[in-house]
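Once you scroll down, you'll see the structures, which are given as structure tokens.
The following pair of complexes shares a single chain, subunit A, combined with subunit B in the former and subunit C in the latter.
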Partner chain A sequence: MAYPFQLGFQDATSPIMEELLHFHDHTLMIVFLISSLVLYIISLMLTTKLTHTSTMDAQEVETIWTILPAIILILIALPSLRILYMMDEINSPSLTVKTMGHQWYWSYEYTDSEDLSFDSYMIPTQELKPGELRLLEVDNRVVLPMEVTIRVLISSEDVLHSWAVPSLGLKTDAIPGRLNQTTLMGTRPGLYYGQCSEICGSNHSFMPIVLELVPLAYFEKWSASML
Partner chain B sequence: MAAAPEPGEPAKGKTFKLLGILDVENIPCARDSVLYGSLGSAVAGLGHFLLTSRIRRSCDVGVGGFILVTLGCWFHCRYNYAKLRIQERMAREGIKNKILYESTHLDPQRKPANGNGGSGVTSSTENPATTH
Partner chain C sequence: MPPYTNYHAQRSYPMPDEPFCTELNAEQRALKEKEKGSWTQLTHDEKVALYRLQFHETFAEMNRRSNEWKTVMGCVFFFFGFTALMIWWQRIYVFPKKPVTLTDEWKAQQLQRILDMKGNPVQGLASRWDYEKKEWKK
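And then the complex of A and B:
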């Protein structure tokens, strides 16, 4: 989950999120250098007496400041497109989970082998136990096996919602009448929090998502106990 | 679930960021790149000034040197870091597969059995870790 006053990304829990973090570092370094250059040029402008009011052409500098930004954009675009296509790969998922958005809770269905479905409501602040996270805890978490490719099908029963888990790099819109698919692969066990990411009414901020990634054996025990 | 930070622990949100955006403490290769860039900037700017005695132009050369050296170190370091991550991932997968599939027909070190109807038990050889 995020810590207070956090500005950066959460630690990555999936390979895609690791790639996104690295891409962000790469782009941020380029942004930092361009910002340094611009700050330097601004400081130069403040202290120069040089003026040239009859400039007719400046072919050389115009060539440089056309080609250089183009190169910079290509350096940013190539890794970006690589990750974009990587996010669309389907790597033979072993499990399918359906997620339906409602006002204002999520419901989950594991229907691969047995008919298991449950709703996931936020725990109100007054009912939290000590140590639990305000506006993030739910009554029924989404328990999933770790290191397994999972297909998540996302839709909505009423208005637009969005199913988002930042540490896994997931955000997919839940659109009524449409089935969106995303692929999830958690690399470490733990609890991963997310919140609805599309305005959906008065309680839009109060329908969180909690994934509980566990070893496969625990997942099998859990699914047997839920039936 | 995440525990609240203890009173003695430093707040996690207080990392130092260059220009308020670049977290040099936590981004791999950032600190080294910026330090090498600063060194390159100082060398280039100072060298140019010593050769030409032109202050403004030397400052321009210094800034240009900073950008070029930082970028060069950054790409070089990130390329090596990416290769290292791939090797780590392959090693992790190899260890996992070795543990999971040892003594089964899926054992990655298992040689295919000869066609004489033998028991199929083969001797395992050392797995040469071929990293380049």
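And then the complex of A and C:
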């Protein structure tokens, strides 16, 4: 989850998120370079007494400041497309979980072998146990086995929602009448928080998502106990 | 393309086409005739007079500083103060009570929970906690 004075992304819990972190570092570096160059040039413009009012053309510099940005954009686009295609790789998931967005909670269905389904409501602030995170905790967490490729199918029963878990690099819209798919692969055990990411009414900020990644044996025990 | 006249000196248009003084009295016209000859014949005062005929202000006069910045900064600070007053009033009379999760006790328990679940252990919060010595890493 987010922590105080955090500046960047949450630590990556999936390989795709690691790639996204590195790509963001790369692109942000380019952005900082361009911004500082522009700021420096602006400061030069503002602190000179020299004037020049008879410029007619500037063919050479215009060529450079067209070609160079094109090259920079290619240097950004290539890693970006690489990650985009990486997200869509064929990876043979071992488990399928379906999640439906409602106003204002998520419901989850594990129907591979049995009919397991439950709702996941946010815990109101008054009912939090000491030390729990306000507006992030839910009554029934999404327990999943770790280090396993999981297919998540996302849709909605009423209006648009979006199922997002930042530390896994996941955000997929929940659209009524449409089934969207995303792939989840958590590398570490633990609790991973996310929040609904598409405005859906008055309690849009109060329908969080909590993934609990556990070893396979615990997952099997949990799913047996939930039936 | 060029601006009107030399009426107000501009740094970006230092050599206007029109001279500053267009109506010249007899003495000034005589001076302009003398200007057509060799300039080494002109005295210093005559050169200054010719300059004043041609240009509204010297470069030094045109580029002089002003006290405008004091007025601007004064207004800026005044509005800072006014805004601060508004924010302070709002905090006391408008904002609701803070939730219980912002008390120090709750924040400490929350931090302990996050460390126990090793939240962000790579480069984030839990990576800065020394689990053996049970203290923050130096």
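In this text, the second predicted complex is superposed on the first by the 221 of 227 C-alpha atoms of A that agree within 3 Å, B and C clash if a C-alpha of one lies under 4 Å from a C-alpha of the other, contacts with A are read in each partner's own complex, and residues count from 1 in each chain.
Please note the rule applied: a residue touches a chain if its C-beta (ideal position, glycine included) is under 8 Å from a C-beta of that chain, and two chains touch if they have at least 3 such contacts.
None of the values given here were measured: they were computed from a predicted structure.
Novice: Who does A:Tyr3 touch here: subunit B (first), subunit C (second), both, or neither?
Specialist: Both: A:Tyr3 reaches subunit B and subunit C.
Novice: Looking at subunit A, which partner touches more of its residues: subunit C or subunit B?
Specialist: B
Novice: So, A:Met29: does it touch subunit B (first), subunit C (second), both, or neither?
Specialist: first
Novice: Answer with first, second, both or neither: which of subunit B and subunit C does A:Asp11 touch in the superposed model?
Specialist: It touches subunit C, and subunit B stays clear.
Novice: Tell me which partner A:Glu137 touches in the superposition: subunit B (first), subunit C (second), both or neither.
Specialist: First partner only, subunit B.
Novice: Mind working out whether A:Glu127 is in touch with subunit B, subunit C, both or neither, as first, second, both or neither?
Specialist: neither
Novice: In the overlaid three-chain picture, which partner chain does A:Leu191 touch, first (subunit B) or second (subunit C), both, or neither?
Specialist: both
Novice: For A:Tyr40, decide between first (touching subunit B), second (touching subunit C), both and neither.
Specialist: After superposition on chain A, A:Tyr40 lies in contact with subunit B alone.
Novice: With the two complexes superposed on chain A, say which partner A:Asp112 touches: subunit B (first), subunit C (second), both, or neither.
Specialist: Neither partner.
Novice: First (subunit B), second (subunit C), both or neither: which does A:Lys49 touch?
Specialist: second
Novice: Just to be sure I follow: which residues of subunit A are touched by subunit B in one complex and then by subunit C in the other one?
Specialist: Correct list for subunit A: 1, 3, 6, 131-133, 191.
Novice: Sort out for me which residues of subunit A touch subunit B in the complex.
Specialist: Listed in rising order, the residues are 1, 3-8, 22, 25-26, 28-33, 35-37, 39-40, 44, 131-133, 137, 191.
Novice: Spell out the residues on subunit C that touch subunit A in their complex, using ranges where they run on.
Specialist: 11-14, 63, 99-101, 105-106, 109-110, 112-114, 117-125, 127
Novice: Give the list of subunit B residues in touch with subunit A in this complex.
Specialist: The contact residues of subunit B facing subunit A are 1-5, 11-13, 18-19, 21-23, 26-30, 33, 56, 63, 66-67, 70-71, 74, 78, 82.
Novice: Of all residues in subunit A, which touch subunit C in the complex?
Specialist: My answer: residues 1, 3, 6, 10-12, 49, 51, 53, 125, 128, 130-134, 167, 188, 190-191.
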